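Shared between the two complexes below is chain A, which has chain B as its partner in the first and chain C in the second.
Let's turn to the complex of A and B:
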């Protein structure tokens, strides 16, 4: 009998090759050492998906994993993780989504769903509480994500069904395919939609009616109320709640941190045409929120007139305003919304899809690509007609879209002719809407992220503009003033390491980083430790929780080390070191991550030569099997 | 002297003005400029620019001529033609 509350206590194993569905009790030791969500997924991947496994082969695992706080009373508890080996990077991959699916898994009685094998024909997994069945999905194959969701809801006769769905991009094994999560949220990064497509799994549909039992309801209620009140009193709350992530467009632009023209610059002269104010004035319909979230950063938008009239969508993020705006030199806001909606329908990651296109546009501008290469398509900056034509080509791997579907690293390898210097990625993952020249910690975070270039693993926010209050509240006076200064390098190794460890825990609980834990920088180790203790009944002193976060992040590094990743891979594109930023507060700045990286390895207890965890560190974290597997013994 | 001020995000909701040029006496500090616009727009804007004790709000982000201005606002001497951008606290992304 699984001893802890907060968990459903069991998980599903679905072998698509044999059509076999098995229920297993949730592993007590995994819960104690990795919590759930990201941590448990990491451990399962480590144990079961070795270096010999092809990301798009039947041996890869696709793990949907919730955490013990998911679906409870704590603020923003609607997140869930998807974990697999990434077909985009070939290393550890994960993606996190908000919405309502994570809690629905729990209500249905499942902490995790692990999908293995490969179906011989399109299938979808139907989970109605304890009733779990595989259905034929041949009639859904080829449909867009919202079409598929509508068809499933109609078939179930229940509008409250929650889904995870791939679009044509996932079906066609596009390496930047995401998984759409009810309602129009997305587990977008790392190409995990292609993993789902390789298994011929079109969708997972879930409906649950059960409770989540907690160890100490009175204590959890009091803690949750106190956390909710603190979030609402937080100085950043009003702007985040009013505008969501689009609210930072103009600020990041002023900082020189808003990638423009494929990172030639960090500021866009027409940013005010694609910022939150422009978006609100043009298309705002209403505020919406994910499960149990008091921040409600999500909004519904609708284009009222013009060529894209009627385009209606939610979850328009800063990242997409960048990738289909500044990064391709497009100031047509309606066009961005149309591209966003199209990516949602096709099941494409708006960040990586946008970066493939901005990369091609820069190569066109540099006369490295021509009409013969592109099949007659002119990749001129800002051409939204082209973008809207190309996105379906990417999703269906048609013509030049077949190359764009591979992501910028593989594109550069195929194109050659000096194109690599314009391919903005780390370890094969396209860099999102940040620029390390404008925020040093972000440059370091991009190279140390376990899933390739990524802002969300460490998610350093206190040094974006230098809020000393946040820095002091979270870290004390010890690291001030440098820790909150965007262009300082001192203490940034600590900021990144702490963020990675804390982020690993947040992603293992089911809470949101865009809510209280990172964007508002309000909830921290003691808050999560207390909430976990009240929910699960596990004793959870802060030191134990910190150790869990460190264990998870180290194991992700070990997984990547197994796949040949070393210090040599922890580097930014040359552009950031060689081309001074021409923009905003970062004007004249370049970035050299090496000194920060040296500090980071030392702080982590990793060897300086390869950047791998040392045997002492692995023993300390209770990972002796990693010593053996990496040949460090 | 003339100084251009641009209001962003929640601040713009309070001013209902995106950008304006304000007239200031010579040798006005950044603090003085903020007082001037707070006086003009009244409490809704003032409470976003200043703490109750009259110091500049910790969560106000000011750029002067494109550069972050994190110094004590009383020590920042403005010059004719300066451009100020004012942002409320917000982060992420």
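Let's turn to the complex of A and C:
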């Protein structure tokens, strides 16, 4: 009998090759050493998906993984993880989504769903509490994500069914295909929708009616109410709650941290046309929340008139306002919303899809691409008619869209002719809406992230503009003032390492990084330790939790090391070192990550030559099998 | 006392359902919550639905064994152990705010948490509030 509360206590193994479904008890040792979510997914990937496995082959695992706090009372506990080897980067891949699916898995009685093999024809997995079945999905294949969800709900006669669905992009193995999660949220990054497509799994549909039992209900209730009150009293809460992530567009633009024209610049002259005020004035309908979230950063928007009239969507994020706005020099807000909605329906990551397009636009501008290359499409900056025409071509791999579907690293390899210098990625992952020239810690975070360029692993926020109160509250006086100064390098290795370890824990519990833990920088190690203890009944001193975070992050690095990743791969695109930023507070700045990276390896206990965990560090973290597997001892 | 709701403030987060079920079931169990968020779409609008603690409740009137009695201190209409599980109350309530638990064979509904309703305590938006005047 699984001994801990908070968990459902069991998981599903679905072998699509054989059409076989198996129930297993959740692994007690895994829960003790990796919690759940991200951590357990990392361990399963490490043990079962070796370097010989092709990301789009049947041997890859696709792991849907909730955590012990998912679906509980703590603020914003609606998150779940999807983990697999990434077809975009070829290394460790994960993506996280809010919404309502994670909790629904738990109410149905499942902590994780592990999908292996490959179905011979389109299938979907139906989970109605204990009743789990594979259904034929031939009639759903080819449909958009919301069309598919509507069809499944109609067939079940239940509008409360929660889903994970791929669109045409995932079906066609587009390397930036995401998985749409009820309600119109996305596990977007790393191309995990293509992994789902390679398995011919169109959807997972879940309905649960059971309880989540917790170890100490009274304590968890009191802790959760106290945390909620702290969130609501937080100085940043009103802005985050009112505007969500779009609220930072103007701020980031002023800092020179808002990628513009494929990172030629970090500020956009028309940012005020695509910021939160513009968005609210134009299209705001109502505030909406993910499961159990008192922040409600999500909004429903609707375009009232004009060529895109009636476009209705939610989860319009800062990132998409950047990728289909400033980064392609488009100031047409309605066009951004239309592109966002189209990506949701096609099942495309708005960040990477936008970056493939901004890369092509810069190549067009530099006259590296011409009409012969693109099949007659002119990639002019800001042309939203082109963007809306090209997105379905990407999802269906038609014409030039077939190349865009590969992501910027492979595009550059195919195009050649000096295009590489404009390919803005790290380890094959397109860089999201940050710029290390304007925020040093973010440059470091991009190269140390275990899934390639990514802001959300370390998620350094206290030095975006300089938040001394948040910096002091979280880290004490010891690291001030540098830790909150955007352009200082001192203590940034600490900021990034701590963020990565804490983030790994947050992503393993089912809590949200856009809520209390990172964006508000309100909830920290002691809060999560207390919540985990009250929920699970596990003894959880802060030191143990920190060790778990460090173990997870080190194992992700080991997984990448196994795939040949070394220090040589921990590099930013040359542009950031060679072209001074022309924008905002970052004007004249370049970034050299090397000194911070040295600090970081030392702090992590990784060797300076390859940037791999040392045998001592791995022993300390209880990972002796990694020493052997990496040939370190 | 009774609960008042302000649908226009509701974000659909379900915090009320979670705290309600913990209070009454000892587990986080939205399917067993006394308060329910109603919505025709995932995007809202959302309506918190909860017992009005009516002055002349049709559920109590429909009960053949007078199992639904008012707690004079809190004003809540409470299902007692006398309930025979006939579901007449479920059919009678015009607000769909009283439910039947097939497992225990009895009806269940909001009892105002004996005067300290958890949904109102936890709702971050003020979409569910406790009104203290007797209705």
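Everything that follows uses one rule, which is that the second predicted complex is superposed on the first by the 633 of 633 C-alpha atoms of A that agree within 3 Å, B and C clash if a C-alpha of one lies under 4 Å from a C-alpha of the other, contacts with A are read in each partner's own complex, and residues count from 1 in each chain.
We take it that a contact is a pair of C-beta atoms (placed from the backbone, for glycine too) under 8 Å apart; a residue touches a chain by one contact, two chains touch by 3 or more.
Source: prediction; values computed, not measured.
> Is A:186 contacted by the first partner chain B, the second partner chain C, both or neither?
After superposition on chain A, A:186 lies in contact with neither partner.
> Contact-wise, after the overlay, does A:86 reach chain B, chain C, both or neither (first, second, both, neither)?
Neither chain B nor chain C is touched by A:86.
> Contacts for A:239 in the overlay, against chain B (first) and chain C (second): which applies, first, second, both or neither?
The first partner, chain B, only.
> Tell me which partner A:97 touches in the superposition: chain B (first), chain C (second), both or neither.
Neither chain B nor chain C is touched by A:97.
> On the A-aligned overlay, A:250 touches which partner chain: chain B = first, chain C = second, or both, or neither?
So A:250 only meets chain B here.
> May I ask you to decide whether A:419 touches chain B, chain C, both, or neither, giving the answer as first, second, both or neither?
A:419: touches no partner chain.
> Quick check for you: in the superposed arrangement, does A:276 touch first (chain B), second (chain C), both or neither?
The first partner, chain B, only.
> In the superposed view, which residues of chain A touch chain B and also chain C?
Shared contact residues on chain A (touching chain B in one complex, chain C in the other): none at all.
> Any idea which chain B residues touch chain A in the complex?
Residues 8-10, 12-13, 18, 58-59, 61, 63, 66-68, 70, 85, 87-93.
> If we count contacts the way the header does, which residues on chain C are in touch with chain A in the complex?
Per the stated touch rule, the residues are 11-15, 18-19, 21-22, 25-32, 40, 42-45, 118, 121-122, 124-125.
> Can you name the residues of chain A that touch chain C in the complex?
Counting only chain A, the residues touching chain C are 71-73, 107, 159, 182-184, 208-214, 217, 220-221, 224-225, 228, 232, 285-294, 296, 300, 312, 314.
> Any idea which chain A residues touch chain B in the complex?
Of all residues in chain A, those touching chain B are 235-236, 238-240, 242-243, 245, 247-248, 250-252, 254-255, 272, 276-277, 317-319, 433-434, 455, 461-462, 464-469, 485-486, 514, 518-519, 521, 584-585, 587.
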